[in-house]
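Take this structure, written in structure tokens, and hold onto it; I'll ask about it next.
Each chain carries a letter (A, B, C, D and E) given by its place in the written order, and its residues are counted from 1.
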């Protein structure tokens, strides 16, 4: 019985259980004066959960453990020379066996008989079914695959029986539990709560997944490049490993990338914070509902535009504009109309990213400013302060911690942004303090090292993972700090 | 109120002058929130250097009237005021009048203590600073000390002037708010249920303070506690459903009101 | 609270039985909010089919005690209750007790009217529905009508049962909340300042309603208005700073209290 | 008091003692401050306008495509010289259709059929896709063989660019990609009414193509649609469930702090990192197919989840506590309170948050790069398991094309993406209006 | 799976796209192959994941597969890898159409762009700011070159065939060796590109380089020949050692800067994935990669006739690396 069919059967049993339990309880409720703790629906649900949940758990455990058990049994049946001596070889052999066995399930009885003759007979048959078998497959692997399928079949048979039995037994137990004082509702709600907890732990799982998916490659990177050189190196120059060259020299200094990241983020914040903050203040404190209802969504559109469009905007409009502007300016002051702002520069990327971040700042701050209690405003106005004085001296200071938290969140966005920087600031990893020159960021290098033509198992590519983890830790730090700040802010009013 | 009742109660008010001086006058004051009228033709005079209590059941418009005295109503978009309100004979709703200046002259203390989330010192010095009444550190220290002393808070907080004002107890916070209000030397202080969020002991302190402040300031206080009104005020005005029912000397209102609604209210028949 | 005073005031309560029946008993109830103790060893019995008023100055613990009677305190993380509270002799803090069931038996009405943003009909029928007290449309119609009639609201809203409950006036909303509470046929109804947000007229209606409900329900009401306590209750308990100062027949408490603090409070010396 | 007669006796207080409280300066500051606020909003909106204008002005042209309508002779001698189409269906499939198109144009332009070079050049005026266009036409109407029927074919991308004026004709001929002769032909065809610009439906329905004139967003639109559906189906319930737990049930302790920091952090993690995760978990570990919208959807789900959770929590927080106590007070369990009252009231906020999250997912490129969705896919994906691309990916790829005609299309594609985003935002606003309730 | 899956180099991508599309149109019975872009590295990494439905069939690469990668492939069971060279990619220098003509020598480029040059016998940081300082025939332009970023295979070719050659030609190489460097280090040092902003790395595609030159009319860009041919109305190409780049001069080997483009086929998938064999054969046919084919039109430099023939027969024979 396939897993799908099995799950369907269990679910059907669950539905049946639900209907039975529910109608039984509502029947009992009418004709007796017993007061039931829970509504019939809950009793039905209780029954259904009792039927389905344990059965599915059994199924999951079985499915996972049977894989391991059967794999081991088959593995032990293969001779050492076929299996290979290293762990990697073993894995490869087992991989071939399992793809043969998967292929065998597609064959009919006649073909199976033929395939049993060995790999040379099996290969074309499997190829006809679209199953590719690695070139170094051998006869014993076919035998192993047959054994594998046999075990698999037995396991499937028993699995069906055990799972259905589990459903029936647990369902039956729930049936005996039907009664006035059974807290079916509490139990059902307990299960729902469990599901809610499960959902909220997905965030944690994602984080673990992210770390796990990068940690191995990072380790390999650090095996060839000392961490000290990576974290404190001031030159980023992961040279192209020449074809055939064994040694892959290059310098992997993180600092120029980090500096570029922070610099561009800083410029972006310098653009976004004043504009966003003033916009938020104006909307929260001055604007009428009409202006607010127009301006707020319009500004938020800026946040919804894909970053690739911003990158495009930077290359096509902002970069040339800044360059020409600078040429004009230097023309006026020095008479030499050469531009001092390069089309691709920290300034361009920062400015465009700043535009993108305006709505983040304005929306978050707007919320925080409106959250400042009215009493603060009244208190200040009542003393004869003007509105702007009230805002500058009372509201903003009061909202400051919250705003700082919001800005930190915005900053972590700026740090993580990729597409705009690729297009607007370039990929040159340099250490400079001149904002009119190009710099680059960590994210850009992650993308370019991963999508380049470099050798895939060289440090040049692996460094992307080290960069990824570094960035992850960086934003994590920012967020922990932001949470801490926001907490402190909340305490003030509570 | 009419002349006669004023004259009759003159002696009861221990004002130094023979003639009671009118600090603020409300004439035919109507207040609207959007289409809804909250006050109907209120005519009420506020005497100088006296405490005037506004009483009445919930929603009768006490706060509304109070807030119209220093145009705090302006901050509510939908709110509209008609009629005349004068301060020292000047119409405060005259476009030529500056509301900032007005509010510096007519200060306000709110129901819930609302110190700014700053230090005690900064709280007090805030008003004088924005109005440019203090020029240097010495000025500021002086104004802070004077105001806190007046508000009866100085001894309790003098060692922690630079700690946050939000860290004080409720009653202390409210006295801090009063100190903050008197720091700008207003002529009138409006108080909207200043004690309703305080415990009995704190309430007593604040009431005592009000009693002392009366000598230098004109005070208007809203309260829902008739006992409090009786304790602290010289004049009482009773509102009901947006109408000024009766106004007069506190003693008279509480012992021998003219209006049956006032009678009912003070005897607890409603409210 | 002690047997003697119970016996002494027996006749004053116009209960049909000779012996007053105790619906709920609080014994040595202490409540803590985190490290802070809000109630100190409160011993208070609630009589069946009577209105018990809890009075006292702000912050004295009235609401805290009220909320501990149906374990609404459970929703505050930091809150901890010690001592025994029983309903019909059953300890309501026993782990075996289901708090949902308890709250169905001990309903609650809040200070601010809080109808669900649903239709009037849905508001009333919600409780009966989750408790399985209604089976079909006819049942529901019946329960809605009965509850609204009891709450004195039916005539005013019968034509717009399917309009939102939030569209009613404040007093109507509060009566709707009462209707909603009685729709699940609770045994006890707790009311926390049910009229403090209402105007005088609405207050009068609600008070009248409380008066009528007393025949079928045990009612505990918190109020800051002594007049209201005097008007609606048979028994009064006076709290002060977390301590139950005095408890007894309303008449007695208001005319001849044993404790000087009660005396001071009802004469407006503080609060 | 109604009979108040204002007599002289109660005199007004003495005239006010004027104080200098620096009003003039303070009002100037006030005006300045206000101006900054207005300027900020104005700037923000101005940026938006410039950005949109840049995109739109460059891209509207992409919605027009030059077409050639000429009478085509479906000569049997070309299509099926051996008359075998009855037996062998491949005959019709493999016939030399470009020749038909070329012949038709040669005739329409009156070019000498023996001038090999000119004939070849004429053939270049129609797109290579004429093969497919004519083949499909013949497959649908096999009886046209032997007849001459006017057919509309797509013109070559260069012709299209020339007609739209994107090619600078002042550049010397040898440096141009269209010769003077070709320009002359184009003008002749236009004058004859054979060549005309039409609304470009292809850009909406075609799959990817290496030829600008037939390149379309069809696959990308379907791929994006699948991914959005997956994100919606997974991220919404999981996000709402997680928010409910965190906001309503979770005790405030270290563990919930950890979850909270985690969620905020995930919202800020560079999206490319999610691509790495998707590659490692969904493709390598779980063995799902590459380039599939399913994997894309899963990755984007993980990416949008934090956004949805943050928005949902804010929406739940905004539900007044009085509603909660009301429900609990009449004996609803906490679960009932949440699902019967809190959740419905938070629905507008949740919806808005979800749509913002979806919009964010819709515009995301970087993570798709690593799971094989930045790809050349011609065939429509039938299921989410089939290879597909996404709207921003298509933009990214077109932006990198060498051919000039793609420049305009890139902007056109951006317009399409923005239209989708606008539609989603409008949907959000409408839904919010509809569900919004006052309390 | 009934669809061929290809991944890899973005340089090969346009060619692979044309072939895939034409393949799909000419063989309506097969689905059009899916061609991913993502770089040679990522393509080969996927390629070397293993054998079976879940892995790709072909990896495009703009460089040869490395030995270590072959090892990694083997370890994962990918043993039969067939290499197909589809043609050559010319690498050209071009500047804005309205600028002057450039006749470059590798030495000029080296002097303009190397990180360190020998001036008066001493190895110093590149002092040249303007092209005219490098060679008086050149215009008085600030040196601004847009060259492929380090992730590009083109960069490698650029360094080896231009910088290193220029280094030799100027005699700087000897000077370095004389200065105490060993041969290898000297070569490496020769190929280092200046990082003071005069040479700008472009990690994106040539469109980006073009946009740069559009924005900076005195910039010089490095392009693929194909890209240049599509943009002859905007760009002016420079000669290298007097040879104008074109498919002919590259095919004949006259023009020095070019590199082979190739793809790798997983032989275990032949006969399993429908159309895979046909696709490779179609790709190798003269119809696709011949001198008069659409790929050549796009800018691919066809391999000489006999080399194409050799490719075909080698695939026929199923030769593996």
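In this text, a contact is a pair of C-beta atoms (placed from the backbone, for glycine too) under 8 Å apart; a residue touches a chain by one contact, two chains touch by 3 or more.
Note that this is a predicted model, so its numbers are computed, not measured.
Any chain touching subunit A that also touches subunit B appears here: C, D.
Chain closest to the overall centre, judged by the mean of its C-alpha atoms against the mean of all protein C-alpha atoms: A. Pairwise, the chains sharing the most contacting C-beta pairs are A-D.
Averaging C-alpha coordinates per chain places the centre of subunit A 22 Å away from that of subunit D. With centres taken as mean Cα positions, subunit E sits 84 Å from subunit C. Mean C-alpha position of subunit D lies 32 Å from that of subunit E. With touch defined as above, residues shared between interfaces to two or more other chains in subunit D number as follows: 21, 26, 333, 369-370, 399. Residue positions of subunit C touching 2 or more other chains: 100-101, 130-131. For subunit A, residues that reach two or more other chains under the stated contact definition are 185-186, 316, 384, 386, 389, 450-451.
All chain pairs that count as touching, in label order, are A-B, A-C, A-D, A-E, B-C, B-D, C-D, D-E. Listed in rising order, the residues of subunit D touching subunit B in the complex are 1-5, 7, 9-16, 19-23, 26. Across the complex, subunit E meets subunit D through its residues 1, 3, 5, 7, 10, 13-14, 16-18, 20-22, 24-26, 28-29, 31-32, 34-38, 42, 46, 49, 53-54, 56, 97, 204-207, 226-227, 230-233, 294, 299.
Interface residues of subunit D facing subunit A in the complex, by the touch rule stated above, are 21, 26-27, 29-30, 32-34, 36-41, 43-45, 47-48, 50-51, 54-55, 58, 237-239, 241-246, 249-250, 257-274, 276-277, 279-281, 302, 305-306, 309, 314, 333-335, 356, 359-360, 362-366, 369-370, 392, 395-396, 399, 410, 414, 417-418, 421, 425, 429. Those residues of subunit B that touch subunit D in the complex are listed here as 1-3, 6-7, 19-23, 25, 43-45, 47-48, 86-90, 98, 100-101, 104-105, 130-133, 187, 244, 246-247.
Across the complex, subunit B is touched by residues 288, 373, 375-386, 389, 393-394, 397-398, 492 of subunit A.
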